[in-house]
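Chain naming follows the written order as A, B, C, D and E, and within any one chain the residues start at number 1.
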Amino acid sequence: MDSALIPEGAKRCSFPKFAIGIVIVGAVLLWGVFAMGLIWWKGLNQTNMNDYYGFALWIWADLAVIAVGGGAFFTGLLRYIFNIDELKNIINFAVIIGFICYSSALLILAIDIGQPLRGWFIFWHANVHSMLTEVAFCLSAYFAVLTIEFIPNILENRQANKVPFFRHLAHNMHGIMAVFAATGAFLSFFHQGSLGGVAGVLFGRPFAYREGLLIWPWTFFLFTWSAAAFGPCFTLLITKITETITGKKLVKDNVVNLLAKISGWMITIYIIAKIIDTIYWATVTAPSLGFNISHFYTNNGFYGYWILITEILVCGLVPGIILIMKSTRENPTLRLIAFILGVIGICLNRWVMVLQVMAVPVMSFDTWALYFPSWQEIATTILPVAYGIILISVTYRYLPVFPQEAELNAVEPAAETE
Amino acid sequence: MKVDRRSFLGLGLGAVAGIAVSPVGLKLTDDSSIWTQNWPWTPVPADGEVIYESSVCSLCPGSCGISVRKIENRPVKIEGRENYPVNNGGACLHGIAGLQYLYDPARVKTPLKKNGDKFEEISWDDAIALVAGKLADLRKSGSPEKFAAILDKEQGSVSGLFKRLFKTFGSPNFYTMPSFESYLEATAAAIHGEGKTIGFDLENADFVLSFGAGIIEGWGSPVNCFQANASRKERRAKLYQIEPNLSNTAANADKWVPIKPGTQADLALGICAVILKNNLFDSNATMNFKGGFNKFAAMLQKDYTPSKTAEITGVKAADIEKIAGLFAKAKKPVAVFGKGRGDGAQSLKELAAVHTLNCLVGNINKKGGVFVKSKNKYLEFPDESMDSIADAGFAKPKAGRYMNQLVEKINSSSKSVVEALFVYNANPCYSLHDTKSVKQALGKIPFIVSFSSFLDETAKEADIILPSHTFIERIEDVPSGAGLAKTVVGLTKPVASPVFNTKNPGDTVILIAKALKGSIAQSFEWESYNECLEGVTARIWDSLSEDGYAVISKGAPIEPAAVNLSFLSGNPPTVQAQGDFGLTLIPIDNMRLINAGAYVSPFAIKTVSDKVLKGKNIVVEINPLTAKGLKNGGFAIITTPIGTARVVVNFNEGLMPGVIGMVEGLGHTFENKYVSNKGVNVNDLIGPVIESGSGLDAAFGIKAKISKA
Amino acid sequence: MKQENNKEHKFGMVIDLDKCTGCGSCMVSCMSENNVPFKEDESNKKDSITWMRVYKLTNGKSFPDTETAYLPRPCMHCAGKGGHGHSPCVSVCPATATEYGHDTGIVSQIYTRCFGCRYCMGACPYHARYFNWWDPKWPEGMENYLSPNVSPRMRGVVEKCSFCYHRYQAARDKAYHEGRNDIEENEFQTACTTACPAGAIVFGDLNNPAHKVHQIVKPDPHPDKWNRHVVGKSRNPKVFRLLERLGTNPKIYYLSEREWIRRKGDNYLDGEWDKIKNHHGSSSHG
Amino acid sequence: MSEIENKAENGSMESAGECTAGDTKDDKGLGLGVIFFIVAFVVCFLSGTLLFPKLLYSKKEQPFNFDHALHVSEAGDCETCHSLRDDGTFAGIPKLETCLDCHSEDVLGDSKDEAVFVEKYVSKEKEVPWYIYSRQPDSVFFSHAAHIDGAGMDCVTCHGPIGKSTSLKPYEENRITGYSRDIWGKNIFGIKKHSWDRMKMDDCAECHKKETGFKGYCFQCHK
Amino acid sequence: MFPFNFEWAWDVGHAIFFGGFWYAISIMGAGMAYCILKAALDTMNDN
């Protein structure tokens, strides 16, 4: 049916099967779009946010998708700047995941503001002291980079590629991709960092506040580093999921292991830095403001010490070690567990840096504040997931995303799903 | 040349580029954000010239001077009036929120007549004719005394007009709601003789011994009390607060003396006993005491020794002796009474016992003490003309001495007691104890006329509503009272033209009187209330109209006040709480709520803590020791002999064990979503307990139990 | 043309917590002065707009040693670390919708500029900032009492106490018209100050030694020697600020004779308070 | 689905053919594309510049014409009618009461506007519902006292030579924002020649920057 | 973001922030312009 669009030599499921899958996920997407419409029409009272929780689920989702989308810039950096050639086999997919993550983040930001029609004020009337300004500028600019990085892949579609101009354009863009990748890395460094800065600069919130270098708190660097470290985990996890669903091997193990190894070292180094940061914060920064670490964790509520231990040890140190040790890394099950733990860990870190910051009382007579999102918030947070699945399905179906696919699947005409 | 895809591409790109270079994008982006800055549904208040008009607030007996900021003749803000003799620039939250009453959703917009369960609009002329017709029939039937009135107060010219109407009509059944002023007069009558009232010189006292008087809870003239209390810090004056719960006053006091509910009278007498025993009293003062000083002293030494008193009240004997010493030795001590706001149920024994402390230390009519003054008589009405029906009817006995007795009489009598009822500025269906029985009594009255500005609980029971202007819209004389040391009469002025089709209640009464014809009409020969006001206040009118107020008296009265202890010397029994459950439910007065007269404004209820009102649930306070099996913040059921209520529990260490505190002023049931249908009316749970001897409803609370819901 | 009036004010407030009765007049006066809306249920204090909020403090002791007190909390108009104007909220606003006025020390909030990201709310440890989750609505006719001096807010923006800036503007208008260069102490007073029936709130220019607020607070002209971020610390041992140690440098000072209340003003590690309670304020500067 | 199918198939066929066709007819094709581009560009640009303002603004006539020049010559200056109140606030457009200082129920001149004024407003004691060209949004606090008394500025700097006008131009209301066109300025690109051509915040800032060295704090002009 | 914006100031903060931003934007813009132009030229050269 749509065979003319499908990459040459690639096997894809039948179009009706594909369409049914898209419709199912599309229904979830529409639910999210409906919630989004409701929020734009009626305002943020549709959420369960309140004056204590001005930042809540959405900001977490933003931080989380951008952190896991960090695979794009880091893989790009490794591929184009450090010239690790094997990574060309996964860079396309990393870019697509990054594109999905960043477009989702921008969409969520557009929902999250009380006056969407004034959203452009953040650019026009920018306050350069605000970390959020930095986020907005770098995020938008980096999204442009991602789009640029994504375009050649789109132009490689069988039909598009027949247009000489597109063919040349794709070729030329490949030629100078290193320049874009470098710009992307530069921008990513700042926006990943500034997202960390969002919490770290809050000197009124001792739970979040960190000292730092010049105007940048330590969370700035920790966020950049952690996004670079855990981003590839997410890329590889999604690759694995795609492989499972399509029933095909798409990326060779050596490529996966290479990226996993790099990620493992990054994670381990990050976790060491994070532990040092946590210790310094708990013993120096917070006490200097009159806070014991015990002030920040409740006994019976949601925010117990478990969250700290889970984030740093279970979902940080453990995946890091699994991925640096050859034997465990090359065990597919353990590797997968490490990816999953890593993604949970980074998301948990972003959760803590957004929601726990809001939950902890600062004034001595204030109380812990807890919050549970409304269905509208949940629906709009699931929306990007549905959108991501659809975009991955479409790109996988019509674009030559995985250069190794043909080689790996040349002889086995296995039945595939979607 | 073939029009191909490139042509379309060119067309599209050209269009995009053309629009992009044109100002459309920039302008629309800018304009759309400006649109969000000026949404048509967000009001834009009109600007204009600012003027200030002074008036007097009559929401409560405090009668504070207010200054109303008006823009282009539109009132926008109420503030306290500078240099006003009562409140000197200060204002309370209810007064400041006063403009909200003007546009209150529950306002009666035009005269209403009940038809079945519903109200129908009716013209003023028809309404007056209807009321006059009914009254004329009642008068013709020969029992004019079956016409009753319930007002908020006796003072002022509007009350004067009502009283005059009743007298000329021939009915003695004119009632006022319990108020602090009424208790002051009752206390003065019991000790000093009729025709007097009491003022407390709090701003000069150096030791205030308060028996539960909520000095910063809205007691007395609230703003005046706030100021007197605040100046304690500079004056180094002390405040001891005696009550079962840590009220704001108790928390602000130098010492909080927790006491078992309902035993303040005993403690006061116990302190009297110590003062007498230790010879700490002012012998010059006691020399002229009448009514058996020795008998009184002997009774105290027998029944109120420190240890006995301690047992009754729960206050340690040593503390009783210490407090007695501090009080008696202070230079300018004053003992104040009137639990809470002072307008709830009170026992005369308690009022008299506390006031006796003042008499014993000789602070009557001294600076920083208690002023025993003659009732404020600035009004001079011309003589009524009475026909024979009026004479005969007016001479008949009242159906009951106080409101609660009237209610009881109506409910218990098989014959009709009241045939027609006027209600003005009073909401007995909400603010009297056991509201169910009050509503039952009102249900037995065939014809009820309400003068309310709002469709409140009592107005809803009425057959005709003749809506009054709010205090923002009307002119009226507002005498101070409520324990204020000075006597000031203020003038409320119409600072806004009437928003709805309402009238000044004075005008309404005059119209009804005129419609009744005959001698009644002859007694109301004014053209309008304005004319009447000017006439009856002639003595102070110049000052009223020019300054907005007239000071009738200030400083300590010169004339001595006789003291008669006969009421107490027989040691009347102390009132006990109704029922036999293990705990005592007491009402708590909260400055941010209103429990009598008006009801709370949207602004004021917004300030109420979530430890008082949470959603639609009232929160009761209870000491964790008493709260066995209950969860802090959880639901519970309170049961009293007269009702049950579902509440939320808040553990509060500031409550004496064994006591449940429930705020007064919630649980309204009328059409105002901002303030109504929130929580429970504590008066639904507490029944009246009549004090033998005084006839007052003296229920300080009620026995209750609480269990997990 | 003449220069703008460049004389630097630093408007601030001192609230006597021993006088405060928790009556709520300040809250209502503020709401009615500043066109603050209200809604059907305001008992969820986490979405109830009260620029001035009165907190109830308790000493945590059990009956009968319990004590309570009230603490009114307007916007603190923080000067930020070192008093340079980088208030916690101002420094984070991405669209410059809130700004530190160096001429007055007042932190502004511009509703028409705010696009509702709520970052400032997260930054403020005092919860002094409120979001308009709903469109403001008044019962029919009630919008007639709205004041033209303060613009009603629309849904989706943050608002907070402005120190009644419009009163400052009005006072300056009058001064300009009368050819005066500056305004008198009593010409600019906030709505909460004038409403307080207990006279617990004193408002004025902390930079002006003639003003009462300066005389009570006696702000230290030098930075705190133990925490260089803290400036303008009171030299009156009975005066404290909320969360002073964070370096937010609020311009709201509190006054209390009661030690337990003063201790509530900030967070202290075990034993810290006992060490400094007596040299808080003046004596800590030797 | 067939649509996609068709498209895909057409696409493949067309592009297969295009490779050859495009190669030969390249110049012409591009040329036509360029022409289309230019035509579309010009049409869209011109409609965005000329037609768009017509759609954006609605024209409203003032209740009746007002001759500023005549009034200035009679009254002497602007302040006679547009005055500051004692508290320093600006009274703005005069109320009827101010007009009646000179006017009365007797028609003064012989213009028909005067007749309208007397008939519709004076005799009915109704304020004239003028459209105000310089009306700023509700969020703006503008202190006339600061500019007139404080800085000694004249009216013309911001309001232009309106005192010399003999008639009132139609009021053009922005359909989206509800504000007068004079705020953005007559020029749709926002280009101005005189200080009074626009009244946006940037114009305030420009003058403040020039005269005081500082654009001003937000709260100086916002409420 | 532009020198004619109200908030713009010629200070270090703006120089660093917008310096970086405009630098990145120019590189991206120039890169894309280069690619597109070169692609157009290449397309023509194909013939």
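Note that in this section contacts are C-beta pairs under 8 Å (C-beta built on N, C-alpha and C of every residue); 3 or more make two chains touch, one makes a residue touch a chain.
Remember, it's a predicted structure, so these values are computed and weren't measured experimentally.
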Per Cα centroids, the chain farthest from subunit C: E
Comparison of C-D and B-D (more C-beta pairs in contact): B-D
Chain whose averaged C-alpha position falls nearest the assembly-wide average: C
Maximum centroid distance from subunit A, chain identifier (CA atoms): B
Rounded Å distance between subunit A and subunit C, as computed from the means of their C-alpha atoms: 40
Averaged-CA centre spacing for the pair subunit C and subunit B, given as whole angstrom: 33
Computed distance of Cα centres, subunit E from subunit A, in Å: 26
Multi-chain contact sites of subunit A, meaning residues that touch two or more partners: 115, 118, 121, 125-127, 129, 133, 164
Where subunit B touches two or more other chains at once, by residue number: 32, 35-37, 44-45, 47
Contacts with two or more other chains, residues of subunit E listed in rising order: 6-7, 46
Residue ranges of subunit B in contact with subunit A within the complex: 29, 32-33, 35-37
Subunit D-touching residues of subunit B, taken from the complex the two chains share: 1-4, 6-19, 21-24, 27-28, 30-32, 34-35, 37-38, 40, 44-45, 47, 49-50
Footprint of subunit E on subunit A - complex, ascending: 123-129, 133-134, 137-138, 141, 144-145, 148, 164-166, 168-169, 171-173, 175-176, 179-180, 183, 186-187, 190
List of subunit C residues in touch with subunit D within their complex: 1-5, 96-99, 101-104, 106, 108, 110-113, 148-152, 162, 165-166, 169-170, 172-179
Touch list for subunit E against partner subunit A, complex: 1, 5-7, 13-14, 17-18, 20-21, 24-25, 27-28, 31-32, 34-36, 38-40, 42-43, 46
